[in-house]
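Provided herewith is a single structure, encoded as structure tokens, for subsequent inquiry.
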Amino acid sequence: MLAAARCVVYRDLLLALRRRGDVAVALLFFVIVASLFPLGIGAEPNLLRSIAPGVIWVAALLSSMLSLGRLFAADYDDGTLEQMLLGAAPLGVVAAAKAFAHWLVAGLPLVAIAPLIALQYDLGAGLWGILALSLLVGTPVLSLLGAVGAALTLGLRGGGVLLSLLVLPLYVPVLIMGAGAVEMAAAGLGGGGQLLVLGAMLVLAAAFAPWAIAAALRISLE
Amino acid sequence: MLAAARCVVYRDLLLALRRRGDVAVALLFFVIVASLFPLGIGAEPNLLRSIAPGVIWVAALLSSMLSLGRLFAADYDDGTLEQMLLGAAPLGVVAAAKAFAHWLVAGLPLVAIAPLIALQYDLGAGLWGILALSLLVGTPVLSLLGAVGAALTLGLRGGGVLLSLLVLPLYVPVLIMGAGAVEMAAAGLGGGGQLLVLGAMLVLAAAFAPWAIAAALRISLE
Amino acid sequence: MLEAADLRCERGGRVLFERLSFRLGAGEFLRVSGANGSGKTSLLRVLCGLLTPSRGSVRWKGEPVAALREEYARQLVYLGHAPAVKGDLTAEENLSIACTLAGVAASRDAVKSALARFALPDDVPVRRLSQGQRRRAALARLALSGGVPLWLLDEPFAALDAEGIERLGALLSGHAEKGGAIVFTTHQDPGFAATRTLELA
Amino acid sequence: MLEAADLRCERGGRVLFERLSFRLGAGEFLRVSGANGSGKTSLLRVLCGLLTPSRGSVRWKGEPVAALREEYARQLVYLGHAPAVKGDLTAEENLSIACTLAGVAASRDAVKSALARFALPDDVPVRRLSQGQRRRAALARLALSGGVPLWLLDEPFAALDAEGIERLGALLSGHAEKGGAIVFTTHQDPGFAATRTLELA
Amino acid sequence: MKWFWYASPQTFYPLAGRIARWSALGAAVLAVCGLYIGFFVAPTDAQQGEAYRIIFIHVPAAWMSMFIYVVMAVWSALCLALNTRLSGMMAAALAPTGALFTFIALWTGSLWGKPTWGTYWVWDARLTSELILLFLYLGFIALRASIDDPRRADRAAAVLAVVGVVNVPIIYYSVQWWNTLHQGASVSLTRAPSMAATMLTGMLVMALAFWLYAIAVSMVRVRCIIRERGE
């Protein structure tokens, strides 16, 4: 069972590496979105500083959402998903492994690059830590919830929109808590409360989402 | 020749309609991105009003860029693109038709919905017109330039990132002019100059991009 | 070993087959034949549990497969129309990953020799292979699945050249001799006698 | 009509064929055969101009096809491994769009009768059809391309049942009799005599 | 058990018809009473003048929008756990009504916002979360609509409804967690109500009318669904 999970993670990382870009695409998208704003809005430092946590979190959320479409689609089209369903390990384990691989490719790099973006927006140095921390705890939740949506919309007409329509309401609490933590910290109020809520969300999502994903995959492959 | 162009536009619209969502995906994405920002940034009306033109234009640009990936990819995978290359009409005509269909699906709806978003951000009523106008002239340029990038990155490893990397620098002038027009108008300075520049960009893109797309497609299909 | 009892399958509002029952013992071949769209693929998917029949049930050693789940999955290999092969990975990577997921132990050497058996290069990404070679990359899994009793193969001979057909035929006969059970569909004459044929109308 | 002069094709660093020359006149069949990965598909793509040969040239009525472009394209039908059929559209929509793009006039009735000839339902999205029916949806274009002289077909018989093979065979013979030229590849025995066979090593 | 007897669509069909008829009648009577109290009995508000009367529609609709989602999620959980046909149909029948109430709450709220806050829309936590509730309903409906096979549609949508239910408490408590422009809860079981008794009566009567309306409409809809599927 563990062997299967490790194998799925390894495979997905290998594929992402082969398609080279795929590792970078989420990252690049994140950087691009975050950098476009100053171009569209103008360069007033105070304005930028006050919108920074929101912009950075929205960019992270979008970049995570965009790579969801391909999370199961390629495996569905070429029959690999059928094989996973007929595999030796329970589908929930495979589902968790795939969500984890998605996070490694689409979530973790954002955490690493976030301080750089914070620098662009001239966020105070003390805030880098809390920004990175909020992303570290929040992005796995995005991957897990997103995978549920991706599994539900597999092979459907209008998969793309449907996916955003389904996933977005689920993402909003994460966004509010994540951006809220940074804003609170910026206002000198700590932000630990929001981080705790994020942590609780992560625990809940990690416990239940894999089974929801598995159920959704079974329904979609019927 | 015209029959072929009409047929391509009809086909792409039909496909978008069948996949139902696809018509709505760009639109929904646009609305979602625009609505996420207040959630992340906070609800202060003055702040929101001052970033509105930038946010709306960045959202339009992203939503146009995202649908580019699929502009040629599906046709490439299932062999339809080969057939278009072997078709009776010059490839440039087909390319122009595809870019036009992309705009109809991914650009035009944004123009229509923009006033609603402007309302949410409490932009003054006089600005709706110029916002919609700037989008009307700007989004076709995005579709044309984007199609060149999509054709060049067809079937490449890491197509996704590459596409954004190639397309983004081309998009930035459109973004600056588009958002600039609205900001100028908001400051009571007209914004007609920016619109004229956008118009010139559109004429140039419409004249040259189709042939660039055709050349890129030939190279990618080799 | 495998038993289908009173199966009925409906797709897109049309009944594909009804009151279909058969038993398959160790060492037996079942060839499913029929015109395009007659329901061969659907039958195979029902047999491996990917599709729920609208009536009847499939049993494995007496127990309904719906209840067995992973246990049943470990007893079978299903190769469908879709090759389940990643274009970006090499044939070797594809094969060893497929084996791990299926719970079949496969050493590196075993993988290499399975590929050699199908005359496949092991270091080229599959997307650079020809149609028939891609098909071979999927089939190579069979060479490592000797220990898995039930093989369900959907048009295994498609896209193969004469020599490939021969090799695959030898592999299938070998499996049946060792007591495996095989269900396959084909439009081409496989060139060796199936124990039984099931004709779908 | 079609002439290949001293063709050489290299792919993935390997020379697939060299010094390949032939002429094909009106009413002639050329069957290209060879093992998996021997370069049949590559040859067909060279012939229709999708792949540039590393040496030599292809001529149509004496002129190199590279110079003719759309003019040459209007004279040929190429059906490759990829079916060029959209899963979301019905067979009818697919066919009429393919004809318009190819510059072949096809009335609604002609389209319907072409589909009937391949026993295809015309109002179901192609993704809901079986493998063989999807293949038929691609082949139906041939029934409307009687006026196009050159047909290049890559494994047209794959996935078809016996009756489908027969219908397609009749269509091909009919085209050759009316003076068309056909190049096709196949692993299966087509059941009718090709005028000539080209064996790739 | 009587419950399992009614869990089969055929037997539920006539019962649903009877429930629909009586609830429709009740809803009509209560709505007339509620509107009468709201528009003629309740006094004009000292600060807001007549505009505040929107409350008689707005608040019950907002309550219903959340409540219906929870009920829908419960049916969906039943559908997944027991695989009964009726529960999927019930969830499907409730969704459009829930979406309607959400829309009404948003619509009346923003109409009310213009005179009181001076704008149709602010990105306040309560308003935004209500908008998200609308998206949840739309997602549920859209997911069902894009799956052709009704059984598959039921179960896929059920997974979504169950996952989405975590949002409801967030909407409900949003006013407490963030200090917002929007009014906090003024009706609670533990404290004495902070509004005039006639206003409260009017609101409760309207809420009851909406309740019965929701029941009637979803029963009619579930009958349609049963007929559509030829059960």
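Per-chain residue numbering starts at 1, and chain names A, B, C, D and E are given in the order in which the chains are listed.
Definition applied: a contact is a pair of C-beta atoms (placed from the backbone, for glycine too) under 8 Å apart; a residue touches a chain by one contact, two chains touch by 3 or more.
Because the structure is predicted, anything quoted here is derived from the model rather than measured.
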| note | Hop count on the shortest chain-contact route linking chain C and chain D comes to 1
| field | Shared chain contacts [chain D and chain E, defined touch] | value | B
| request: Would you indicate which pair of chains has the most C-beta pairs in contact? | output: A-B
| field | Centre-to-centre distance between chain C and chain A (centres being mean Cα positions), rounded to whole Å | value | 37
| field | Separation of mean Cα positions, chain B and chain A [Å, integer] | value | 25
| task | Express in whole angstrom the distance between the two chain centres, defined as the mean CA positions of chain C and chain E. | result | 51
| remark: Between the Cα centroids of chain B and chain E the separation in whole angstrom comes to 38
| Out of chain B, which residues touch more than one other chain, so two or more? | 18-21, 39, 42, 157
| message | Among all residues of chain E, which ones touch two or more of the remaining chains? | response | 128, 146
| note | chain D residues touching 2+ other chains are 81, 88
| task | By the touch definition up top, name every chain pair that qualifies. | result | A-B, A-C, A-E, B-D, B-E, C-D
| query | Taking the complex as given, what residues does chain D use to touch chain C? | reply | 12, 34-37, 41, 81, 119, 124, 128-133, 135-136, 155, 158-164, 187-188
| task | Note which residues of chain E are touching chain B in the complex, please. | result | 119-124, 128, 131, 146, 181
| Can you list the chain A residues touching chain C in their complex? | 3-4, 7-8, 10-11, 14-15, 18-19, 74, 77-80, 82-90, 94, 221-222
| message | Looking at the complex, which residues from chain A come into contact with chain B? | response | 18-22, 24-25, 28-29, 32-33, 36-37, 39-42, 47, 50-51, 53-55, 57-58, 61-62, 66, 157-162, 164-165, 168, 172, 175-176, 179, 183
| Touching residues (chain side chain B, partner chain E) in the complex | 20-21, 35, 38-39, 42-43, 45, 48, 119-120, 122
